[in-house]
């Protein structure tokens, strides 16, 4: 209850902007964007989109779902696959944080890929790891997955890191001064997940202090001494 | 004299009028414009014309509209009886924000730069809706006068301007703006007008009075400059300067000092400003003519003689260009850092009036 | 224009409108008010700072209809100094660009600017129109305005968010404000005509100006609304303003629904105790600590410079014992808005948002983030 007393902030936020115009295209995701743009010309009944957590896979997938009118699907034992895959079906299968399908779901997966082929449907499969590397036990499914076209979003470059930080903060309702961004950029972990975490921390610190995100506040969040970054 | 915010007629710059009309007819209107060209050529007049068009309900269907089938815009002319026209002229339109250098009340002269606080006003203005439900227009006259902090603050606004907001940046020296500011703006280049166009534009402001032919000749295609030179006070600053230059490179040091002393006085703010402009423009003229055909015309009495003397004092045309560039920088620093004006004028004149 | 008006009536009206006029104006016409006397027996005075406009109508006797502008602060100062009971004559001489003020043996001649220079106020009809009672609007403002943020980079929090939504009880109108530390939400039955209104953020400036004026009004307030403008008409006054051009956060998700520790206490005795104990807490943090146990509530504060304080209170609390810290000023702000005797604190833990409400009145709900102490 001394100088160390700290006012905690409310977790104010906005629904994240997931529109097509909100997607940030940079070299590390340009290939994936090109594949999405090329749809329906995929030359296969499914495309696997993979990349690290927070890379924007789900965002890009929802852009595609918007365009194609795809329904979200998840093959499993209790799913009526026949109803799920009508003629010309468009499916979005997003594994989110799950690394690969569970063993019990392997047969339904195999069946689903076959149905897609038969009924001239198409699916976008979103996962962190390429499907060819999933530890699948069913050999037929493994060979099907290995044959699917696959595109990856690679780890972020500088341009994307800064754009992402600005976007994450904008989703939280905060704005970032160019000078503060220049200070932060060489000091942050180069991963999508770290950027989202940093945005949250910066926003919380600013809300707690009821101040803009200043250089001093950024230093505090990174726990650097006060004279760090003076060279900038 | 009628200022830019009151001038309704457009003389010249037809290509820009078409360019802007086309852009406003489209679905995605560029929200930041850089109006670049020499001083006095009509950039601010054109910026006010754009503002007036949008704030009198023009381009209503432009912007991110759902109905892109309206007739294309062909002119930015407005009905001059519209109440907004008058309000824009007196600065009382709620959806127009004009950012200019402010008066420093304590020192009783114009502040040297546009400050970051003034740019913050833009944020505040754009964080509120339009009073009339249409466009909001911000006009920065000129963007060259922003200090570093102001420029950075503006950059942030240019990154993501809100919908239905237009930013107009007037610049005499776009090359000196932050490249990041330039790259975020649609460029509108303003070329010098034909002599006949200068005369018509200037005489419209003089309300029927004929324009002094010498002012027209020296205007270099900029009506604003013609009007300045038609003003006897400004003209005498230039005549005095030429009289001094004619003695180069053997000017009487006392005369040079006296000249600088007069302009350095606190009460001589206006004369100092017009000296800086005339000095810069005249040297530019000497450089241009000498580079083109080696001779400066005798448009003002004794002008050719003064030009020769100055070139002699400088040593060569290249050296004169160097001196000219240095002086532009010197006068900017004098403003920015509030340096002594007498010293600035002396440093500018010495290499041109005396052989060192 | 020529009119005669009672000094007291003119003074009251000038006091209203001149508060909108900024003291320092680089644009001359904005220092002026617009005086318009149409045929009949009233005159309207208009002032604007280009974001906010105020029009006030006063009874007078018009002998020559017309309109004129006059410097607001000077005119106000003159009328203020005229003797009570005086009758004031205002005459314009447009061709000489001046206006004359006469009362008894005093005559003032003030410079005037053309009425065409005066910013035109948006007069077009607004798509939504509805009515609230003055008491309802006052309550809505009082219970939310203390939580309005003044931090300018989060400009979308610099006002009260007004919107309509559907509740199990029926359609409601809500006013919400937050500064990121606390949030206040007031709900009232949706007035007729407000169905489908856009969610708008009413700037702090108009909220404060409106609240001042509502003290003198007890009738109905007619509200006109569009996506870019709000207009409030009550008594003889019309207040109209730009809105904040921003998106209010998805505030519902910071209002906890699963909190299970319920504390009920007497509002007055708690507020007094908080006020007393907070005397000790540091000026900067104003932190007080609440310890809850089977024996009741212990309120403490300490600071390295000022010492420490402790006060015990009887409360109703049956959940497990725990401690939580709050900014005392925030507690007092909220308690001041609780009208009934009993305030309810519904908590989860020392790091999560606490909900505060009036046990007798469900229309307002407050969310308060604790302090880590």
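Chains here go by letter, A, B and C, matching the order in which they are written, and residues are numbered from 1 within each.
We take it that contacts are C-beta pairs under 8 Å (C-beta built on N, C-alpha and C of every residue); 3 or more make two chains touch, one makes a residue touch a chain.
Predicted model only: the values in this text are computed from it and were never measured.
Looking at subunit A and subunit B, the chains that touch each of them are C.
Relative to subunit B, the most remote chain by averaged C-alpha coordinates is A. Centre-to-centre separation of subunit A and subunit B, using mean CA positions: 49 Å.
Mean C-alpha position of subunit A lies 43 Å from that of subunit C.
Counting only residues that touch two or more partner chains, subunit A has 175. In subunit C, the residues that reach two or more other chains under the touch definition are 152, 156. Counting partners per residue, subunit B has no residue that reaches two or more other chains.
Those residues of subunit A whose C-beta lies close enough to touch subunit C in the complex are 1-15, 173-175, 207-208, 210-213.
Put simply, subunit B touches subunit A in their complex at residues 152, 155-156. Contact residues of subunit C toward subunit B in the complex are 26-30, 48, 50-51, 116-120, 122, 124, 152, 155-156, 158, 203, 226-229, 242-246. Across the complex, subunit B meets subunit C through its residues 83-84, 86-87, 90-94, 102-103, 123-124, 126-133, 162. Across the complex, subunit C meets subunit A through its residues 149-154, 156-157, 178-183, 247, 249-251, 253-254, 281-282, 284-285, 287-289, 300-304, 325, 327, 351, 353, 367, 369-373.
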